[in-house]
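Below, subunit A partners subunit B and then partners subunit C, in two separate complexes.
Entry: the complex of A and B
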């Protein structure tokens, strides 16, 4: 079937153009404020009988099962019917929302989107999100207001336009059966790759994961994230990126297939790792590792590589499009997804293994016990280990600049 | 009333026989070569499908094992849990609906073009074939804004746009068929006193049936395999097999589910194609 690839490549290019056009045309569409509700009781009353369509990336079986088997029945108890719409790429959902915004729809087909990063930023620019509603959610009090991961999404202030759902940490995994001398820093990882030609590679940006990897290398060659301004600055870009691209160019000959080609997606890198062609893979969703090792997709000796200087972390969110006709129902689901019961169920590695966004200090002893009772994953360390020295994400404006420069200098500049 | 019908597909056609055994002997090496080539082609086509077939029932298949290490129905169960059953029915319905709209429209357009009943046929041709050149995304994005403003029900919008995408295929197939269609049969039937409807039902349609079936099949494929328009215009209310395949294939470790869904997605067109092979066989005399 050819539609997958075609769709994805067409979409990734055109979504940005479409969004840019909308952003220009959408000056008249400021972020819609949450009108009408003065209290949570009103929201729950209005939500009764509503059907909420949650559009989410559908490539994660455990995520699909969690929503279908755990979140959906819980939503039904609150009087809301939850429907999951699986998409191959969150940009597909964005495109539907952007057409609805352009058409001025008030009863759109997208009520909730699992989103973060540039998709969130693009939507915010185009006035595609309802904003200012998260402070109404009772369970928001269980998150830490000062948590930087929840206040900014890739540099874009969240401003109540999306409710936190999960935390994630950029993670390297390696086959401990073949890598007997695991590196401890990113620079060490690059050295390992030079001394073991052909056994390491990374997905080509603008793949999401490959793009994160280049940012991680940028931090490393700049002497740590503190030396890279989070907001995009042309001067900083010109000053810092030559070292990045020199390093990556120098690394290329020792990569898989001598760096003549790169995996196009993180899925392709995962397949190379699963097939024993490389010894490392990387993911922004370490939750999937437990299952992939358990079902034999990945080698049984797969371990997570923790770096001394830490890796970048982010949070993912649930956003309500301003065009949704079921705002109340969507808010009820977002609040439910934040409840300690749901967050604990979702954090169970046997269910999904997604890191919770709640602040332990804000939980009661009984609520904390739910998280403490969770079995540890045999592969993935606990969040506090993995997120030690966590690096902040660069602002979304850095991402296309780095991706373009990578394409010019590494992919075509050889 | 007696209408002279062209020879039907049931009339057996006997190939002219070569009578000398010497001729037959001299052909043998060629025949062996052809058989070998056919076998090689079959292997070439089928071999890539072998892993797909194995993944169908592989619960566990890790590198470097040559064959699955654990057999079972996990992939099937997982596909069903993600709604493969209803999605299959929806895809089938969508394919048939697109086929039902685009086939008659394509036939009408082709007939008008073939018998020069349209002014500026070149321009009309260009318009009819434009969807092939237009990127689906641009059309879907722009048209969806229009459809939303006009409050067209999502499903009607999906069928409408996919039918437009199917039109070039149905029109082209039927245009070729009308090109070799002999109007003399219809004129003769009219001369013998058949009504217009009788001519249509008993002469015209039977003669064009194979081409109609081919064009219906192509239109079905458009509806059956679409991801983008079904999702973007359908607004997620109508989850079809391609949506499940695309989202599963975008993740890691889903090989078994993707295999089940892909085979599910290949079966109906394959069955239709085989049916077409029997149904749309050329009747003797070179008519089609």
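Entry: the complex of A and C
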């Protein structure tokens, strides 16, 4: 008797748990919701008293202190409490949002995400973003509508699903005390590494920085970015990537630790560079270099390597998850982040040094003066020098394909 | 007199069992459903083994590496932990020092331990700089033998094993030990015939916990390991967080495989326990 009762209880318990699990997960992803506001006044009124949690990569001290000390007080003046949530990788924020979308959450933990590239593309595919709201931001008129970096994010049309925040340029840095003959092209950099065994390496994709390095090499071995179709095509992938992986396989024996292993993150590469184990590092955020040289983390002789054929450039954005319960507050913060005052403060190399997204032609003389008054960095050249011949980013669909092929052919193929 | 009023044992255990099974069964069922394509992020659900066939080529090396790391860590932690327990049970001053060190080690999170080991042993780490070894520094962190990972697990888990085994030994070992000594048994014979049999059940149980934990744990292997080959949990998390919508079922499939191997290890341990006289 006791036995049957126990069995029944366990069975019904299991059934209840299974039903609950399925019910939890069964709520289908809602389509990306529009905020439903008709005017900016409505948005600012609704935003009063809201708390906006901004999830962003937390490994950049200057970025953290800009948000905490400059953006946060400005948001407080507009009646919005801004909270910064640091994540090790934007994919962590993405995962949270995707889980909330799967669970049908309406008041999620993420209100704003610093995002671009494949994370944005994946989120858009899964209906994770609110769309069509950026045209309501008054400060969007200060950006150039024709700017290709702002209209497409790694080939994915932005379509008002995220508001521009910063521009970035992929940058190599080297120790000019040990590298006396700095290369001028990417092919030259690879040659240098062959003649100086063990002094160069790159982070293993899918690390963001290692991933962009492989794309830069793909452009180089293909004879320039013009020869690589930006949209993903299987045929182009099969035609172009053998040269890329042959080059990287050939390069491996002359890399750090003979290419038998790679730094897992760009942070590890930076530590190797800071410790003098390699002579080059690379970053998509050259703004950090000034501070790292000034505080002695990096060698004093650190210089930026500008390549004749240019490097990959992109823009990064602020996106509002469709699961956020504080859409109005998030829009107010996104608009504030686009204001000339905030963009100029953020561009100051002593603060963060992130390149602005505003169109100089759309600014008033007083607003332009704020940008002209910024002090130059002793390490990093100005954006117009750095972004000369800038290469466009490949469509997001290229990124996982290249990362995966790199993993199979370079990392595990040896 | 009270037996009539006492609740039946299964009912008293029910709250704990229900809570645990809600989390464990709920998590396992969700992972299984996701790995079988029943909970896709985009598109309609359909029952498929695609996720398993996609990850199958990578499974042997991942499972093998995880088993190797977990076995090496468990063996080292058990040996060190057992010896530490013997010293603690002795009760002299050095026993108290070892007990204090073990107790202090437990509350440190693994991630803190791993970060410290990394700072200490890596190529640009403290020891490498202090000794001025430079290029000659051995590849302890991110090297081919996963030394730093195993060292971290062995250190942290040996403290856990030491305290569990001490708990089992301390109440009853003295009597048996002294009797054996009076009967003329030397140190080695007392170890072999008294202390080892007395601590074997506790040692087996705690070693199983350590094995299953290190097999499924992610952060230490990720922080101190190399990118390839990958242990099972590191691979699962990389796939889980990769930015493509098909990768979540694959990550769930890897998690299900991890769970199955862990259950296997637990069953093997219980089969072993049943053969230990003291457990019966």
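Everything that follows uses one rule, which is that the second predicted complex is superposed on the first by the 381 of 414 C-alpha atoms of A that agree within 3 Å, B and C clash if a C-alpha of one lies under 4 Å from a C-alpha of the other, contacts with A are read in each partner's own complex, and residues count from 1 in each chain.
As a convention for this text, a contact is a pair of C-beta atoms (placed from the backbone, for glycine too) under 8 Å apart; a residue touches a chain by one contact, two chains touch by 3 or more.
All figures in this text were calculated on a predicted structure; none of them were measured in a lab.
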Touched partner set for A:65, first subunit B, second subunit C, both or neither: first
Touching partner for A:206 - first (subunit B), second (subunit C), both, neither: second
Which of subunit B and subunit C A:102 touches, first, second, both or neither: both
First, second, both or neither for A:330, with subunit B first and subunit C second: neither
Contacts of A:53 with subunit B and subunit C, given as first, second, both or neither: first
Touched partner set for A:271, first subunit B, second subunit C, both or neither: both
Subunit B versus subunit C as contact partner of A:412, first or second or both or neither: second
Touching partner for A:240 - first (subunit B), second (subunit C), both, neither: neither
Which superposed partner A:92 touches (first subunit B, second subunit C, both, neither): both
Those residues of subunit A which subunit B touches in one complex and subunit C touches in the other: 14, 18, 89, 92, 95, 98, 102, 271, 274-275
For the subunit A and subunit C complex, residues of the former touching the latter: 2, 6, 9, 13-14, 17-18, 20-22, 24-26, 29, 89, 91-92, 94-95, 98, 101-102, 118-119, 121-122, 125-126, 198, 204, 206, 257, 260-262, 264, 271-272, 274-275, 277, 396, 399-400, 403, 407, 411-412
For the subunit B and subunit A complex, residues of the former touching the latter: 59-64, 69-70, 78, 81-82, 135-138, 141, 144-146, 148-149, 154, 225-228, 231-232, 235-237, 239, 242-255, 257, 262, 265
In the complex with subunit A, residue positions of subunit C that touch it: 8, 10, 14, 18, 21-22, 25-26, 29-30, 33-34, 39, 41-42, 122-124, 129, 135, 139, 142-144, 222, 226-229, 238, 240-245, 248
Contact footprint of subunit B on subunit A as seen in their complex: 1, 3-4, 7-8, 10-11, 14, 18, 53, 55, 57-61, 64-65, 68, 83, 85-89, 92, 95-96, 98-100, 102-105, 108-110, 266-267, 270-271, 274-276, 288, 291-292, 295-299
